[in-house]
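Can you keep this structure in mind? I'll have questions shortly.
Labels A, B and C are assigned to the chains in the order they are written; within every chain, residues are numbered from 1.
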């Protein structure tokens, strides 16, 4: 069964706005690699798609790693002598060093400064910092806020728990005609940050919601996991399943207004790599391509040498490459519904290619079949050049020798996959082409 | 036995003029995919080369195709009220829609116009149009001729037969030392058009005439066939022979004054591809190269996936890429004898490479042989650089390891094939090289 | 055991000057493909490295070649009527045509001129010419010297022997942990010429002297051989040894001030090719690369098809490509100690790569290991980009799958080999990496 993902699908209209609204809903929640914020985020996905929420106990081994403690914050602030909150977690959850240990006490200005993180080159922005694997407390503030701290002493309160509990991740499985899978994965551990990565959560939720209403060849698995540790935990608990993953994408940073970027899988020339590049190329808009590097998002884990999965990452501007990255400026006003919708349309193009790409055999391999007698060829000869649709048919017939998939043919012929797919359908109807 | 196709061969002088005269002779004949015109054309080749003329009955199956009816025209015109022929087949056989059904009757100006074909952007030229696989009648006229038709009614007469008969093609076989074949194929179905393809017919006739007087390693097969259906018929009747075809070229459009163009075989890197590209590259003149596409001349059939023969197409400007293409402007005044001769010289260079290219083994593979003691090396050492001839010898010795043909060596060394061939001959004479 | 060839090695300081002094010492000696000059040269290497001097009798067969007669000169001059030496071997050994036959007698100016070699375009330089394989006598003089010869008759004396004796070559073997060898070869047959090739002799002597004081994985073999015939003789006497040669370089022209040039081995992509190119690329200085050609120095023999050894040639300006080549201008004032030292440093970089390049297996192939808990990763997350050292570790872990050597990884990651090697060492220390 082949997906119908044409542009006039009623589900599409308003997709950008739908995703934007969902980001708005999730924005205020303080997420981390563990804790109630992440759990709450997953709970809010549940009304839209059949998501299974997994809890993995602190201390559980996952390859070289161990599930860390659960972190929950009730309140956090720095107060001056007058009792005013000069830094307040309630104003922005970025203020608190993410995964900070609890702390209470009076400290000198000097000591406090050792625990402050700022971005001097962007004096109004609050940076986002974490301290997962080294115990520390701290606050992130704008440079101006830091400069305004002139009093000799401050009262610090980090009313948080860091204790045994569990790590939480969500998994949504949409079965298809076969048990071969397409994997989509996003990280859900960032607090109030939009491009990175509420945009990924929203896009994946929309996509899962869309696909569960469709027939599809592949089964689809959507992982909503805390970065690094979440992907590692999932892989460690699903090793036997990994061989079913035929294609995959890590979804992040899909909402900024800059051009899309594809980071290839470790193998670099798998079908997902070629499908994404074909989709990007045939849009006629600017895009960029990066070779795999072992740094970035969770493709690091999916593409570790022991798994080496065909998983790339399709973003707009990649991590670290835009000024708003990991700062308070990656907020809702940075978000553009139409950019999210545009990212989604590329994901849908990719899904369309993956779903329908196959290898066929021409049923008339010796010389061309007579297209004219089947009404497939312009009747009047001698025109200067064949039309596009006819060229697509001729290419499909010429290259359907059992060695070329439709995507191979599209790339070789320098025609859009959709043209080639349409030509193949026509030839199948006329018994000139058959799936191998 | 290796061909001697040096430039001073007496057969060469006047080749351009000879071919031009032959085109002149064939120009007035009205050819089509079947009929007396094509038959007559083949008969006129017969005095020059041993051509076998095959007749294949209407209705014969050839893969997905069926041999069509035979078409013969006695007369065709459109007359005005005054009885004057305003369109006259006798003035140009292009005027009649090729393969038009017979028709007689008075028609309104409006109806007539529905059966007229013009080229508005070239108002003085008559277009060439065919209607092979859809029954239709019509005339091709210049835009000015069409505009001059002002009378309300015209008398139309197409005194033609379209009935059971046969399809005619010619085959000329020149045996060589082995039964391995080189195939040359051209289409013979176009009426009074010169570049496309009287030039191909003339060049192939000259080449066959030349080769039959030579000793050659390969056998040569020259096919003079109606386009598409002719090649398909030949292939369907000679399937067992196809495995002997080692190299092949489709010959067309070899007389215009623009640069030569090579369209690669479907496989793209066969010896014929490399031989033609080497010949073009080492001439030092401009040329262009195109990848295989399943549109063009009869390479479409030879390179269909069930055959996938090593057959390219060596033309000057390819079909559809020059303004005169398929119009009355592709006439004798468009023809340049010296361009035909130039095309021929490339074909001869290619034949020379194919004939003499082989894999050899150095008889002194460990270290260089001492060329000096055989008089093959300049006696006086210390000069800044070895001369070309010596370099050619050193390359042949170094790469004749059973894995490189002389053409491989020429390409690798960036030397002309002729230099490499000459060096190999010298080394063979001195027992330093032996055919594998 | 891995070589330590860091820049602060005490052996390094003064290497340029040491090599320069050694060239100075060898400069006056008149060398040829046989004879006392070459023998004396080898004897002067002996105090520095354990060199074995081989004598191979005239007439000995070596593949297609025969060891030639031994050539020794006592004196050679041309005297004018006044008894003055107008050409004097004692002033420059280049004056005598190298390997000239003995000759004594009065000759007319005209006859003398037939035996003179000059460089008209460089009127003050004496050319270097040889006549090894064709018996001849002659003198090489500057154009000005030749022009000054105005007398009708001259007395010629070439007091030389050309008779049965032996060919001499030197071989220095430095054993390593394995019997797999790295070959360095230079020619020792040129008289007073510096870049070509006293520089090669000096560099190889220094390198052998250095390596014999080090532990090394590979054994090193240094060949000091007369050009062409010497390499051929060595190969013919050591055929069984050749399979142990894993890497090799021909050393010549390593002292001029122009950029380094690497000429690839015949195979073109062996480890020595990649190691040299990596060393050149990561220096950040200009260099050039040439594909293998069967003309040049003794790589011609090592890369003949019967041996096809992984032997390239690392020079500065290659033979024939600098104006001073094979002239009296290639003298001690053309020599720059710092250029020799610079060449040496590239050779040492190459040795370092060859010695330490290996294939490893990540001991944690499924997902990344947790570098943080081992103190190998910055503690504070959320920064825009990983540092270089961390990237090197991540690359080594990701690509150490048994298919990539450290050099492969360095090239793939576009990082310096040294960075990758350092990262690998750190990972080995932490049991995260193991040699295959």
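Rule of thumb we're sticking to: a contact is a pair of C-beta atoms (placed from the backbone, for glycine too) under 8 Å apart; a residue touches a chain by one contact, two chains touch by 3 or more.
All values derive from a computational prediction rather than experimental measurement.
> Cα superposition of chain A onto chain C: how big is the rotation, rounded to the nearest 5°?
Between chain A and chain C, the superposition angle is 120 degrees.
> Please state whether the interface between chain B and chain C is built from the same residues or different ones, using more than half shared residue numbers as the mark of same.
Since fewer than half of the residue numbers are used by both chains, the interface counts as different.
> Measuring centre to centre with CA averages, how many angstrom lie between chain B and chain C?
Taking the mean C-alpha position of each chain, the two centres sit 55 Å apart.
> In chain B, which residues are in touch with two or more of the other chains?
none
> In the complex, go through chain A and note every residue touching chain B.
362, 364-370, 372-373, 377, 379-382, 384-386, 391, 394-395, 397-401, 413
> Flag every residue of chain A that touches chain C in the complex, lowest number first.
Those residues of chain A that touch chain C are 62-65, 98, 127-134, 136, 228, 231-232, 235-236, 239, 266, 293-295, 300-301, 303-308, 319-320, 325-326.
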